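Each of the next two complexes has chain A plus one other chain: chain B in the first, chain C in the second.
Up next, the complex of A and B:
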């Protein structure tokens, strides 16, 4: 990356928590800042897709290689493979998958939830900041819609955004009924914060581990529900289509334990596979968990589902840079929402910290690039997240409201109350994904997509707290829609869509050496998944 | 299977530098009679009307075969009908039922070249003295039905039909009869039963249709592709037709190529083109460059061909010599990586579903074979199931009135012969 900057020791010596800070310079040209420094706009990082429903669209290079690749299995591999029949198959065991499974099961469907790792191994548990819902007296659904659309640079689908915002209060109600805890104001109302891109406080939270708390109750509810069967360590390696290859009627799962294939035949498949941080686009570190390899996008694209915004990813402005074994780990935006500032190595503020994430991220990269960053080594340059100043302004706040951060840094031997945290943007979220409608339905009949794998809501940039809202809101919507289909189920399950994809690849003269989905990143331990 | 058909039609890439007779652009005018006549349509009928016995001789000389699958010489079928007296009518049935997996040539002819088919049928009717022509087509292919309906309307108002009736000495009546939508409805005696108004149950032979067919009248049943060739033979002569073929074949044949090839579609090639040329030159080779595993021929009721048969000439005799049959010219190509058990189970389900149910061995036999294959395919099979299937293969052939059960057994039997290991591996 960048080799200039001020060395860590020098910057630390220069740092003062009690200095007077001038307000950041006014942001005059947001677009040129984004165009120059945001990783989405890096030269050579984007290519055009040649085959499939999105042929001609821009896509990140690493993702394009996965979308236009050979499949893992052949029809011959399916001989003698046991078949399981269910009403709804949910692929993915994060928040969106659990919400979809629970809702479908509440509607009386037999649900199978298959997850690549364990139930709850997901990015949901890493969501720290909170969940957005327009519940304050001065807030409204309309303002939530406007903030979300503005934050996404008006690329988001207004219909989806409206559905998302309107679901907010009900989502909280549903979660509280499941037993989820939220922080409360002294009055007993839910406590809200204002975070990047919000026009008014709207972020409901549970300390700084909102997602973990959410997953706790979802996981309990899923394991206790008699209508839901859970298969852990069972990644999906291919979807199944009907004889015309135009409808999704199931999936082929494998097992990380015995490597055997299993066919699941179903009326509807709900993809809730999350994002692709582990592809390390443009060489960035990631905040994502080990299973975030973009499998859902690959499966959906191969069966013919339209995707959107494939060249737009969110880089979280404050990923930890130092100490190195925490690299990529997230420092919640909740800190900045609580008043924490960003300063460069010269001890200057350089951006309004509550700008949308893409703008803050671009500004940090600008500081690093122009020599005002803190240099750890040749590759790693970052900026300060000024936690000691926050501690001085609001003593005890860090300990009380950010216990997760405190315990993590304590293990690393850093005390954020006395030493600022060195941060650098980290690959965080996939803004686009499978195009869906308000029911979470993709363009392929029988295939639904919810959560991070879906696209169209966040435009080209997601606001904090909209992801947790989205997974429950759309998870429940897809759960309802997927059970509405009461036909007799598929007669035949085939790999017709795979042949179609192969034909297109061969005609376009594309290399077919890479086999996808990835399932686990190359560097994953043990090589359990080697075929 | 519907996919294979539709996809193939969409992706159809006309072969280069091969003789095009039936699929010549001049013929592919749809139901537009004026355009068809501008490019020489109707000339053959005028010629034929002047000397009908000569037409019969030319067909014999040209060695035109029944292209619906039998490969039976057309002249012989006609001759036995010529020798029969009308009682009081004589029928010509043009069979376009075409409902087997992997075959999609007749629908293309019916949709794009209806006039060529009607002209051929009228000439054939004149030669055999039939006063009723029934176009029996697949009811599910709406576009070919619409084209035929419109073309027949235009014929009824045209001078060509008047000429035909005058030549015949009585009114020539043409009728479009959508079939029942059953695969078995394409069998010739089943087709007759449907035209008479009953369920399309096949019946035993004899009596042959030429003696007692539709309503007991002498009847000739020819495939759509067969009658489409007639006018061209009349116009250009038998020698020309023979010269179109390769090896021992004569004329051209429509091959329906589908499965794991790069360019599936309908290809009009010289009869006797090699399987290798069809797959690798016209079909563009196999998907992902995988090796060939097998080819299901003729709407898969026959022995499959394997890579050792790549150089077989695709005409009736050469394919028969390999223990298989050309059938309708449908070639479903599968590459390495395709599961034979799954494929066979799929086709067996088709046969079990298509059995009309009147002959118990066929009704229960195909259903049992299908059930056992499904069981094996889904990982629940046992050695006993395999033994049962092998037993059925020995017991069932010849036990039905029509050919359905024999075809089903042949398919399974050849799968056992060529890929015994795959069945064993599927037992878990």
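Up next, the complex of A and C:
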């Protein structure tokens, strides 16, 4: 798909941090740019689902194979497995899971938080740029709603978006009460930035460590809370249903340490399992952490929850191309929000850097495709993120505001103040997911979904800073709703939904060779998790 | 930026990971080498960019022993690497919501972290920190009640808790740092723009849509 481009050596020789840059050409046909170059539109990358609640809907091909697959667990496997009873089970230990657990515990629930890796291992901890909240005088909840809907190409659910935007200021207050710090202007106001797709500055941040600051505070608050028990290294491999298979009443967890199963019986399950970057859809590198293998989507679909926008993913425009050990890792959009420009191998700007992420991503892929990219080797072509020019314009900014970037590049011997960063789009975010209402409730009673695993807020493109807001806003909403669910709890836990899904696959004559969820990507699963 | 030799072949590095001989390529991190070598039971891996603090390792070069993060450590010939188990459960318990006001933070700190005042200045924490934080100085600042400064010292802390394991007095420096940051936000962060908007929302002023500039 990529043509040659200009060699790295030649592009570096041509590069000047002090050249005069013309403004980028006007963006005349956004739709055609997206349709031609955005990876969601790659030929053969989308199929129709055959079975399940979304039968007939479009779905990314590799994800469809996971959704329509066999499970690991049979009724026979559950004989003699130890059972734990709790009020609320939270699956996932990132920001959304912690916010849900803390809120449910605040409301008096006995909470078990089970997480695949270590508590806090998540995409949350890597989020650099910030969190959106309409707090500036010229801003309003209404503008936040409009920007979010417009950024998502008007596919987002307006009711969910309104809830998200309205929660913004109170989410910040809750986080500050928990002990999270944010950058302040000299006046004491929270400092805000304007990033892609925002009509006014709305991005609140903690230098470029916003996610780390949020996650370490949430993690500490969860481990310190007497009402929350945490099980690490404990991925969920199946949900449990009632006798009719229509209600979620628990989950089957395994342990990466001893491979032993455990049954958790509960009134409410909150899925907060995050995204699926580690599936490397369409062969792209990813910015995601190791556990992002789409497990929550698989579990929710098998128990009958409706999903949405399964053919829409966010490829972050500026993933690093090199050094190779950081391939796919992000350079924050905060840099472009601070004025950093994108430049092709010919030293030209080619897109307004603050267009929404899908547009900027498509424009970068166009440059690479049409021979204006910087070529490292046959597989790796990218464009410059012009950090030296930013450093010239605002000396000291990179060190003061982007310590995370500086620390990551330092160990690789790269100085972004001197050398521009070579970047290429990277698989970053699952725009859709489990369909939810404003309580985070899925279409299956007893099952909630919050954070990246859920869908409906971001339409077909998420704006920067709305993910960190969503995980707290909807994590808290689901924590409240799941605790309010005061039914008596399950009499019997079964795998009736699994039998139903298996019958559907058999009738549709689908292959049942693959077992899901994946739990870990193949390249990292060695000896840990036997499928 | 690539680690290939001129003829395109990888430079091979021989090391051991969890006692198994691994043949890796120069430029690989220890995480990549562990996968490449098929080392089983490496479950302490998360972000792979040095911010989650999960991939704690002990690294032995000859007689010299150090600790670090596997995703931030490049393979070296002859190195012996052991992935460390997760840190034990925290020993210091507190809930910010139980603090009455900012005047007794210092007293509460001494109740919660009594060991912090007993620092022996052994520098074990400084040496063990993969982020180069002046951990010992941060503990000193917190012990003196300078929580804002202490929190700033710990700004880049990724909660790997390697300093906790290195401390002979069980001070739990990483948690001292986080405590310092949290009380600073909890008691002192009162941003006017946020407070003003919260008050507007309380009075439900912005509940009614405002006229937007471009729509």
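Going forward, the second predicted complex is superposed on the first by the 526 of 531 C-alpha atoms of A that agree within 3 Å, B and C clash if a C-alpha of one lies under 4 Å from a C-alpha of the other, contacts with A are read in each partner's own complex, and residues count from 1 in each chain.
We adopt the following convention: a contact is a pair of C-beta atoms (placed from the backbone, for glycine too) under 8 Å apart; a residue touches a chain by one contact, two chains touch by 3 or more.
Model, not experiment: these values are computed from the prediction.
K.L.:
Superposed on chain A, are chain B and chain C clashing or fitting side by side?
P.N.:
fit
K.L.:
Quick one: is A:291 in contact with chain B, with chain C, with both, or with neither? Answer first, second, both or neither.
P.N.:
second
K.L.:
Decide which partner touches more residues of chain A, taking chain B and chain C as the two options.
P.N.:
Of chain B and chain C, more residues of chain A lie in contact with C.
K.L.:
Could you tell me if A:400 is touching chain B, chain C, both of them or neither one (first, second, both, neither)?
P.N.:
Touch status of A:400: no partner.
K.L.:
Let me test your reading of the model: by the given contact rule, A:496 touches which partner, first (chain B), second (chain C), both or neither?
P.N.:
Only chain B is touched by A:496; chain C is not.
K.L.:
For A:190, decide between first (touching chain B), second (touching chain C), both and neither.
P.N.:
second
K.L.:
Could you look at A:55 and tell me whether it touches chain B, chain C, both or neither (first, second, both, neither)?
P.N.:
Neither partner.
K.L.:
From the overlay on chain A, compute the angle at chain A's CA centre subtended by chain B and chain C, rounding to the nearest 10 degrees.
P.N.:
About 120 degrees, rounded to the nearest 10.
K.L.:
A:81 contacts which: chain B (first), chain C (second), both, neither?
P.N.:
first
K.L.:
Just checking: does A:245 make contact with chain B only, chain C only, both, or neither of them? Give me first, second, both or neither.
P.N.:
first
K.L.:
Would you check which partner chain A:507 touches, where first means chain B only, second means chain C only, and both and neither mean what they say?
P.N.:
Touch status of A:507: first partner only.
K.L.:
Rounded to the nearest angstrom, what is the minimum C-alpha distance from chain B to chain C in the superposition?
P.N.:
Here the least C-alpha separation of chain B and chain C stands at 25 Å.
K.L.:
Touching residues of chain A toward chain B in the complex: what are they?
P.N.:
Within the complex, chain A touches chain B at residues 70, 74-83, 243-245, 263, 492, 496, 499-500, 502-503, 505-507, 512.
K.L.:
Contact residues on chain B for chain A in the complex?
P.N.:
1-3, 6-7, 260, 262, 287-289, 336-343, 346, 349, 376-381, 422, 425-428
K.L.:
Can you check the complex and tell me which residues of chain C touch chain A?
P.N.:
That would be residues 1-3, 27-29, 32, 35, 38-54, 71-72, 74, 86, 89-90, 93-97, 131, 151, 155-159, 175, 178, 181-186, 189-194, 196-198, 201, 206-207, 209-210, 212-215 of chain C.
K.L.:
Going by the contact rule set out above, which residues of chain A touch chain C in the complex?
P.N.:
Chain A reaches chain C through residues 117-118, 120-122, 125-126, 133-137, 140-143, 146, 166, 169-170, 172-173, 176-182, 184, 187-190, 192, 199, 207, 209, 211-213, 215-217, 219-221, 223-225, 232-233, 256-257, 289-291, 322-326, 329, 376-377, 403-404, 407-408, 411, 414, 523-524, 526-528.
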